[in-house]
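The structure appears right after this line, and notes come after that.
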Amino acid sequence: MVFFKKSISERKGRVAIASFAVVLAVTAITGLLGITVGIREKLGTELRAYGANIVVYTEAGAYLTEDFGARISAMSNVEEATSQLMANVVFENMSFESVGLDFQQIKGRGWRLSGNWPKEQGEILVGINLKSALKLEAGKRIKLVGQGNSGPGKEFLVAGFVEMGGNEDNAFILSLPDLWSITGLAPKVSAVLVRGMPGALDAVVANIKRDFKDVSVKTMRQVAVAEDLLLQKIQLLLALITIVVLFSASVSVASTMGATVLERRKEIGLMKAIGATKKEIGLFYKVEAVFIGLCGGIGGFIIGFAVIQAVSKGAFNSFVNIPFYIFGAAVSIGVAVSVFSSLIPVRGALKYNSAAILRGD
Amino acid sequence: MAFIKLDSASKIYETAQALRGVDLEVEQGQWLNIVGPSGSGKSTLLNVIGGLDSLSSGNVVIDGAEITGLSEDAMAVFRRERIGFVFQQAHLIPYLNAVENVMLSQYFHSMSDEDEAIEALKRVGLGHRLTHRPSQLSGGEQQRVCIARALINSPKLLLADEPTGNLDRENTRIILELLKKLHQEEHFTIILVTHDPFVSQWGQRIITMEDGKIKCDEFICYL
Amino acid sequence: MSSSVIYEAFWVGLKEALKAGLVWIVLFSFLQVIDRKKLSGFFLYGILLALICPLYVFTLPVTPQLKELISRSIDTSFALFFILSAFLLAHGSGMNLLGAIERAFGKTVIAAPVLLLLSALYFAPDFAGNSVFLMELAEVKESPAAVYISATAGIVFGLAAFYAARKKIRVDFIGSFFGLPQLFLFIAMIKLLGGGIKGFSGISLIPSVQTGFMKFFHDFVHQVFVILMVPDHPLLKTTAWNFIGILFGPNFSSVAALAALLAIPMLFLSHSFLGPVPEPEAETPADRRKIKGLFMSDRKRKAVSVLLFVIFIVVAWFSESGENISKLYIPKPRPVVEDKGTVMIPLKDPTMDVRDGALYKFSLSYRGEEMRILVIKKDDGKLSVCLDACEICPPRGYGQKQGFVVCIYCNTPIPVATLGQPGGCNPIPLHVLIDDNFIRIDVSEILQKWDYVKSGKGKESVK
């Protein structure tokens, strides 16, 4: 064992370089796997729990107006329609997502509440994750300012905390008029969530499309499929990147190993002379390769993990769960790449004729 | 039957013929010195006997086993059990200390045993240099580590290619005294290549090579 | 869709063939090394015997009870092999448990039928399970014959692969890794990895050992209390039961399951790596080292499969208990039946109490359709009864996670407190009558809403 340890520590520099290449590859792979399983969880969960089966919205950056909600709920086969506004607000110089909606209309739906349901304007709910992060308590008064709005902002009373497992857990939830008043967006809304009669969804969608121009209407199932497609595209892109990175990592490990092998020609010749078989000499390199793979794999997983969390924080404003097995997968891929790409140089090394190498001159 | 038997052994390189039909028999326990001018094929002969190099024609039998047709790995296994090597240059692994260098040989043979390795180094008079790295040892000390390493697996045959070539007279004497002592204790066969007449007197037999052939074969008195 | 059915059938056949081939190769290598090669034929006869099982299963109707029975037998057959190997490992790590058995195994008259029986027991449940799976596949398929043909193709393909690879396999090398206990352990492990019906994913080991433990502790403590005739004292109820309750909890028994599965392999490993090495007699120190080295490397080789098993168990435990058990709890549906247009679900029976806060699922087979219902108690004490499906997603059902039920398809968490809301990814609520003993549901209510689940999307449209 001590032989392997010293043999590796003798070549710290090279091992570090090769490990770094593996780190890059595993980072990419962790990113790919993490996004596949982790971020998938995030997509669209928030809308699904409201009980809507149709969503009406416009292109990004544009808004609907509030009367859409009222007009849609008056249509046939529509049980109800709620308007929602998504906007960013500033609290203590930090930016947070916020949702504006009609508290009375959605009372109790899809929410797990600690504290009270807001009764009047000026009362708000806060996502459970922000409770400890911002040290908030029910009954406390806090000041929120609309982001990108020069207005002075307003004080609100924290009525309670909600837990939904979705994005709302990281957001402030205000009544629609309150959010309008601090953002100055009145009477705009981001989306209208519609609950149509089951079985008559297609008709409702057709009606909305007919009555309102320039809006997008999707059933929730279409949204799910679209998200699936988007995810697939991201995955494809990442897969391509991963292949490229994997390839360059292999090349890098192979050339590092090649250089090591050249340096160690004398050693190899000597080992042969004292009776080592090719397999046994190869073991020295395999141990080194596994070591590189392990270091690179673990390092890459840690970095990849951080990257996914950063991406997720940026895109969804919350963290993702990365299952345990991804760690195993990442590390084994690291080891596999490293061992595989050191095969060729090591094969070459074992061909040296030891008599020629050890010749006494 | 002789312990080592070479039968019209020839070795042809692309540029030169190093051995031209060498016939040689060596008895078990004999100390044989090989001398001869540079390029006469001494090292080649030694390497062929140790299986580090293969013959172009002819064959070699050691201890009843014909090694000519063995694969490289089979030869390695044969070597680790029966043959020890000492070279002109020490060829110690630079990042391992003296004990570990000896232990490496044990490791390839079966398993390493530190106590036994330390004991072997004490026998060659290096009890005070156990954890020194090769770069911290003198040439003579390095060569003694090599002898300890070569003999650690109780080989029946020790092959030495100019083991004292880089040493001064004093160190040469130490090495030879040591070899003599060990040879008398353990009765292994020694084949030693040298061009130093002083060294060639330490043994029981001298063969002189010239141009890939044995020119002269004489038995001498063991000094 | 139909091509995926054929692919699945092919895969099932391939898997079973490869599994049998793998086990056979290892067993054959082992028998070769211990010089009992002739016995390996009996292993093949065992497989043939196991093949009777699917032939019989093909004549049966597929019911939840049949499936339950089969999955039980798969677990049991794993347990059998595991216990056998544990027993032998314990023997190997110093306690001499079986001199007599060893001698008996030396006799072909005893060894051959034992091997035949074990082989049959090993494969029968898996074959049966996969037959059921094939039968179900054939039912959703327009031409059932294609399913069986592709399954057969898979088997032929797998066997051919093994036959082709056979010449390359270094039998003595493989055999040197196995002693008898390692052999059993390896075979148990293959079962675990490839034994589940359908795919490789269904590793049911930890949960089934765990539920076994939960039940064992529960019954054991109950029995003790009954024997001691401890009265239902209020003090006992609150403090003692809270404490004892830990034993019934999922965390404790999942740790216990891990410990039970690891104890003996660990004992063996420590024996292998740390146990005393005999100091052999030899002429030279080098020769002694040689003998010692051979002994130690043999011991290490034999520890490899045990070590693999330990790693495998730990990984399975972390991924299963870490992910599935503490996070997403998915109970098995209990079958219920319809009587005169009504389905009656008992609120309580000796094996369950739907008001204990856990998620319960029930399955109703009706006119060839299998529909699931979920029941859970809300914080306010009321029972919520819904279909185990929502309007949006393919009906994969829900699992339980802390205060939520979570859609298995899309991962949307639904707070238990809000169950009963319609729409979105909420479970579709059912109109029910609840009295002191039963939940009563009109079959038509279930049928109509399940129809909507199916017609709304079904598996095809969202893949």
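The chains carry the letters A, B and C, assigned in the order they are written, with residues numbered from 1 in each.
The criterion applied here is as follows: a contact is a pair of C-beta atoms (placed from the backbone, for glycine too) under 8 Å apart; a residue touches a chain by one contact, two chains touch by 3 or more.
For clarity, every value in this text was computed on a predicted model and none was experimentally measured.
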| item | value |
| --- | --- |
| Pairwise touch network: line, ring, star, complete, or other | complete |
| Innermost chain, where centres are averages of C-alpha coordinates | C |
| Of A-C and B-C, pair with higher C-beta contact tally | A-C |
| Distance from the mean Cα position of subunit C to that of subunit B, given in whole angstrom | 62 |
| Averaged-CA centre spacing for the pair subunit C and subunit A, given as whole angstrom | 32 |
| Touching two or more other chains - residues of subunit B | 109, 153 |
| Subunit A - residues contacting subunit C, complex | 40-41, 44-45, 47-53, 108-113, 163-166, 195, 198-199, 220-221, 224-225, 228, 323-325, 328 |
| Interfacial residue positions of subunit B with respect to subunit A in the complex | 43-44, 47, 50, 52-53, 72-73, 76-77, 79-81, 83, 85, 87-89, 91, 93-96, 100, 103-105, 107-109, 149-150, 153, 161-162, 165 |
| Subunit C to subunit B touching residues, read off their complex | 284-287, 289-290, 292-294, 296-297 |
| Parts of subunit A lying in touch with subunit B, wherever the complex brings them together | 2-3, 6-7, 9-10, 266-267, 269-280, 353-355, 358-360 |
| Touch list for subunit C against partner subunit A, complex | 315, 318-319, 322-323, 391-393, 403-404, 406-407, 410-415, 417-418, 421-426, 452, 456-457, 461-462 |
